[in-house]
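You will see chain A twice below: alongside chain B first, and alongside chain C after that.
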Partner chain A sequence: MLELYEELVVDILLRLPVKSLLRFRCVSKFWRDLIDSKYFIDMHRQQSINSNTNFHMMFQISSNQLCSCSEYFDNDGLKRSLTKIDIPMSRQTIGSRTQCFCTEIIGCCNGLLCTQFLDFDYALWNPFTRRYNKLPQAPKLEFDLLKNSKPFEGFGYDHVHDVYKVLRIFQIFYPDDFNRKNSIIRNQICVYSLRLNSWKYIEDYPYGDHNYEFQYNHNRGCFVNGASHWLAYPLILNENGFRVQGLEWSIVAFNFEVEKFSTIPHPNANRNGKSFQIDNLGGFLCIFEEVCETCYVWVMKQYGVGESWIKLLSLDLHSFKLEYPIADPDRYVQPVAYYSKNGEKLLMKTNFNTLTWYNLKEATSNIIRFPIKMGSYNAYMCLESLVLPYNVDDKEIAAQIQ
Partner chain B sequence: MSKLGQAKRIIFLKTADGQLFEVDEPVAMEFEIVKSFFDENEDAADDTVVPLPNVSAEPLAGIIEFCKAHVEFRANGAAGKDEVKKFNAEYIKEKSNEQLKELILAANYLNIKEMLDFLTETIANRLKNKSVEYVRAFFGIENDFTPQEEEAVRKEYEWAFEGVDED
Partner chain C sequence: MSEVDMAVIKPEMMKSFIWLQTADGSIQQVEQEVAMFCPMICHEVIQKGMGSSKSYAISVPQRVNPASLSLILDYCRFHQVPGRSNKERKSFDEKFIRMDTKRLCELTSAADSLQLKPLVDLTSRALARIIEGRSPEEIREIFHLPDDLTEEEKLEPLKNTTDDPRIRLLNRLYAKKRKELKEKEKLKIVEVEEDRVDDRSVDDLLSFINGGEGGIIGCWFFCALLLNSCCSIFFLIV
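After this line comes the complex of A and B, so read on.
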């Protein structure tokens, strides 16, 4: 009977899915400690990223359920790999009664999902290990008026300090002037760090109007290149010395490492169309617009470089099979994934239960009927990982096996 | 090293159990250990026999078969295509667990990155739906948990034990 070197055994384990690894914790004490160690969790995540494996498409299908399928799928692959996942935070036992709450997904990073449930409670959740962690309560609002406004949130990872963070922005146009272009703006901005397990206030936010005009963004930042991104108008000073919203739109980035806001150059896109949104497509910052029944997908090939914006796709919707009549006001098209392993493909979501793989090279499309009604929820590309939704320091084990 | 225009060079390899293998140069150079042997001994005669004291004849024959096919795939521009996947699937189909372990140990010693990756992946695929007992037997690992401890560790992720293949 041959025995393999420890190094080979670890290499084999690094290629196993999460469920197998959680089962194999029972093999021996060493295996349990290894699989639980931060060293192994990080190596496993890195191995999956490097080999482009263990990615899943996640669709929220109701206020308390997700479904996941393997990242690149056709009609058959979809049926094979489709799994429903209950969102555990949605079920809360209060006294002797279990109640169901609506949970919203704020973002997804390295296999962790950040969710918001009840009023302003947040949790980090790894759907692959089924572990979750309710975050401490965010700071109370400074002024009463904020109570009626909806927060804007972003979730991301600071890879320099190896910390997951949540950004929350409350913004109020004050006094309650409905013509917001002339009103004074006050903000309350805080950031949660998983390492410190606490919230703190950060610098002021010199932008306005993230959650009114850009409603298709669902009040969520998209995580690309260590920062959360969204669309907003920079603030300017008016003739009375008050900060008011400017007229030029911008892409705003919040860098999770330095915890600062900045403006990212945007493409020459027309933001007066039927829909306009910013997203993460296969790790690239992307702008999607629909103008005059044509969809345009812009991709920033080199992060932060304005000249690197390219128009990835112009798609005349008349040539595209849609479930709803083109003129139907409820009809929508939205890109959800960008896949370039075997030729460049773009996954588009059209209305409630149709997905389309669009082949960019051949300009052909492959329609996929989604067997479950998805509603208008967002879709996420999510890495299957062992990443913990809580903070554990286990330097001892890491030293032992390194 | 052979120069352009010269006849195809043959490399001689000798295994732990004393067998002599004659391997075409491009195939032998897939083995990092052989490549560095010639890099370090630039004036080595053409009929130098490279000793491989950690590999026996059976896995070496299997490794040569794999590398030969992959060198050809690359030369034909077929790398990454279905043809390669088909060959790889056929190659491991009849291999027992012991044979796979012999191959991975040999590929590790000879330092053949592509083959090592492939075998690591293959073993992972073979184990992913197996039981804890199967995996212990595969690696020859002794269970150092008491039955109570094992039960407690199992309880932490009970759902991970659903849908496991028969051993």
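After this line comes the complex of A and C, so read on.
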């Protein structure tokens, strides 16, 4: 008589990938109820994070398609595991007509992606279970202000109250031309909570005595340690009321639990080089700069502690294998993920079609070429989880979801 | 005299043995360090003083059949040796779990009842790898599960509510655990102070031993008391 106690069954199921679990919902009533239960979903997510398994590299390759592949890939592994995923909210079929929207991924958290399409529409989506939830529309901005403003978004998780939240900031410039004329910034900030299923305005800004202008080319906040982060420059006005560009810069963080802004101490990096951005590198806050054809990667080993910034990598691009010559305007280098359980290798984006594994210890690199042609893309690590993109308690919403 | 008789006659000079009895009634003796590798057996020996002779053999839980017990003892015999490298242990583990699924399930059950967590982890991982690619029908066969969903229910995307009391219990326990963790965060400062209170009481007790009567016997008695309540304080004295 074969008897495997239920706790042991749970222990085994917790180690399986999402694809198998979705299939096993058909096994029996108990297995289905177990896999759908909040207990199992959260335990499975925790187990994946603790054992560093079930992570995938995700690339957005076009406005309505993603590409995913399992971690630790080499050239062969990439070919085998690369799968295309359609972004469901990028298409809308009304009658016989299908409309395509340009969709952007705002952020990734616990296996949920937050997407943005049109100006004020957002959705939460689990690309592995294929479930998605269109959120109520964010508060609008009048057209006059909208055309003079820059949007910044962040997607995060309040782990204390178990709520997913979306932050939206419009930095509004006066009077008209925000590229040349200097102007005073006003901010419209609102936060969406999945638990409350609504948006609300936030007044806590500017931070301290400075008003900050966020760096625009990286307007998706990077989520680390319960907060979204942006690079920002303190807004300094000269005697004529015009905004002045200085060398000063800061890291502005929005904590999703207390819903407040703060600044994080930053390393001694230079913002005026060819590249300057902030990222989540394997769970750590990371600053990447490229100055005088040398790349520096800084990592904050202990969150919030200024002294814990370390220079992980100092790479002279002249000695590095690049697809395009250094001076080529299309050439760029950017870190993507911080792989291998011993943290030895760094995955870098070195072009539109190539990634490079850089071995930090041995200073060697291994180029990976994409088997399919891709344009410019964003890449990030996404956890494969069963997390639902909507509030389970809300039965009305649950009934509408496919 | 045969060698077996010799071994029985001089027990004090040879290594000591623990006596175990399986559910089918058969009794066997196992080297002490091997058997003590199982937390459940360790507990029986220390807390209840069992296993020292045939008549006081430790009753092994029902889920442990003789075949599983033999496998578990092989596992313990290998891993209790302290000098082995991680590579050796890993290589042993990989060869060890090569058995059919039925045997693996029995072994998982048995290891769990003996509280041998590393072996439970190893066998669970192996079972997860085995069932990962299987179809629901094969899964039902392996675990002897009832096919109690209707065809409609199998196609349903999500079931939010559940009537199953086991799931409701799991959800409740989980909500409780989350709450406890939150409370723990808030009470961290208080806990540190409580530790300090413990230190003081140990100092007090130590001075009591040194100043009072009883000498070595008192010290040992005191140690036995402490072993029962808090292992870390025991190490302080030693």
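In the analysis below, the second predicted complex is superposed on the first by the 347 of 402 C-alpha atoms of A that agree within 3 Å, B and C clash if a C-alpha of one lies under 4 Å from a C-alpha of the other, contacts with A are read in each partner's own complex, and residues count from 1 in each chain.
Here, a contact is a pair of C-beta atoms (placed from the backbone, for glycine too) under 8 Å apart; a residue touches a chain by one contact, two chains touch by 3 or more.
Note that this is a predicted model, so its numbers are computed, not measured.
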{"item": "Joint occupancy of chain A by chain B and chain C, clash or fit", "value": "clash"}
{"item": "First, second, both or neither for A:160, with chain B first and chain C second", "value": "second"}
{"item": "Chain B versus chain C as contact partner of A:31, first or second or both or neither", "value": "both"}
{"item": "Which superposed partner A:6 touches (first chain B, second chain C, both, neither)", "value": "second"}
{"item": "Which of chain B and chain C A:43 touches, first, second, both or neither", "value": "second"}
{"item": "Partner chain(s) touched by A:20 [first = chain B, second = chain C, both, neither]", "value": "both"}
{"item": "Which superposed partner A:292 touches (first chain B, second chain C, both, neither)", "value": "neither"}
{"item": "Comparison of chain B and chain C by chain A residues contacted", "value": "C"}
{"item": "Shared chain A contacts, counted only where both chain B and chain C touch the same residue", "value": "1-5, 8-9, 11-13, 15-17, 20, 23-32"}
{"item": "Of chain A, residues touching chain B in the complex", "value": "1-5, 8-9, 11-13, 15-17, 19-20, 22-32, 129-130"}
{"item": "Touching residues on chain C, where the partner in the complex is chain A", "value": "63, 102, 105-106, 108-109, 112, 120, 124-125, 127-128, 131-133, 135-136, 139-140, 142-149, 153-154, 157-160, 162, 164, 166-167, 170-171, 173-174, 178, 182"}
{"item": "Touching residues on chain A, where the partner in the complex is chain C", "value": "1-9, 11-13, 15-17, 20, 23-34, 36-40, 42-43, 131, 160, 162, 388, 392, 395, 398, 401-402"}
{"item": "Interface residues, chain B side, partner chain A - complex", "value": "98, 101-102, 104-105, 108, 120-121, 123-124, 127-129, 131-132, 135-136, 139-145, 150, 153-154, 156-157, 159-161, 164"}
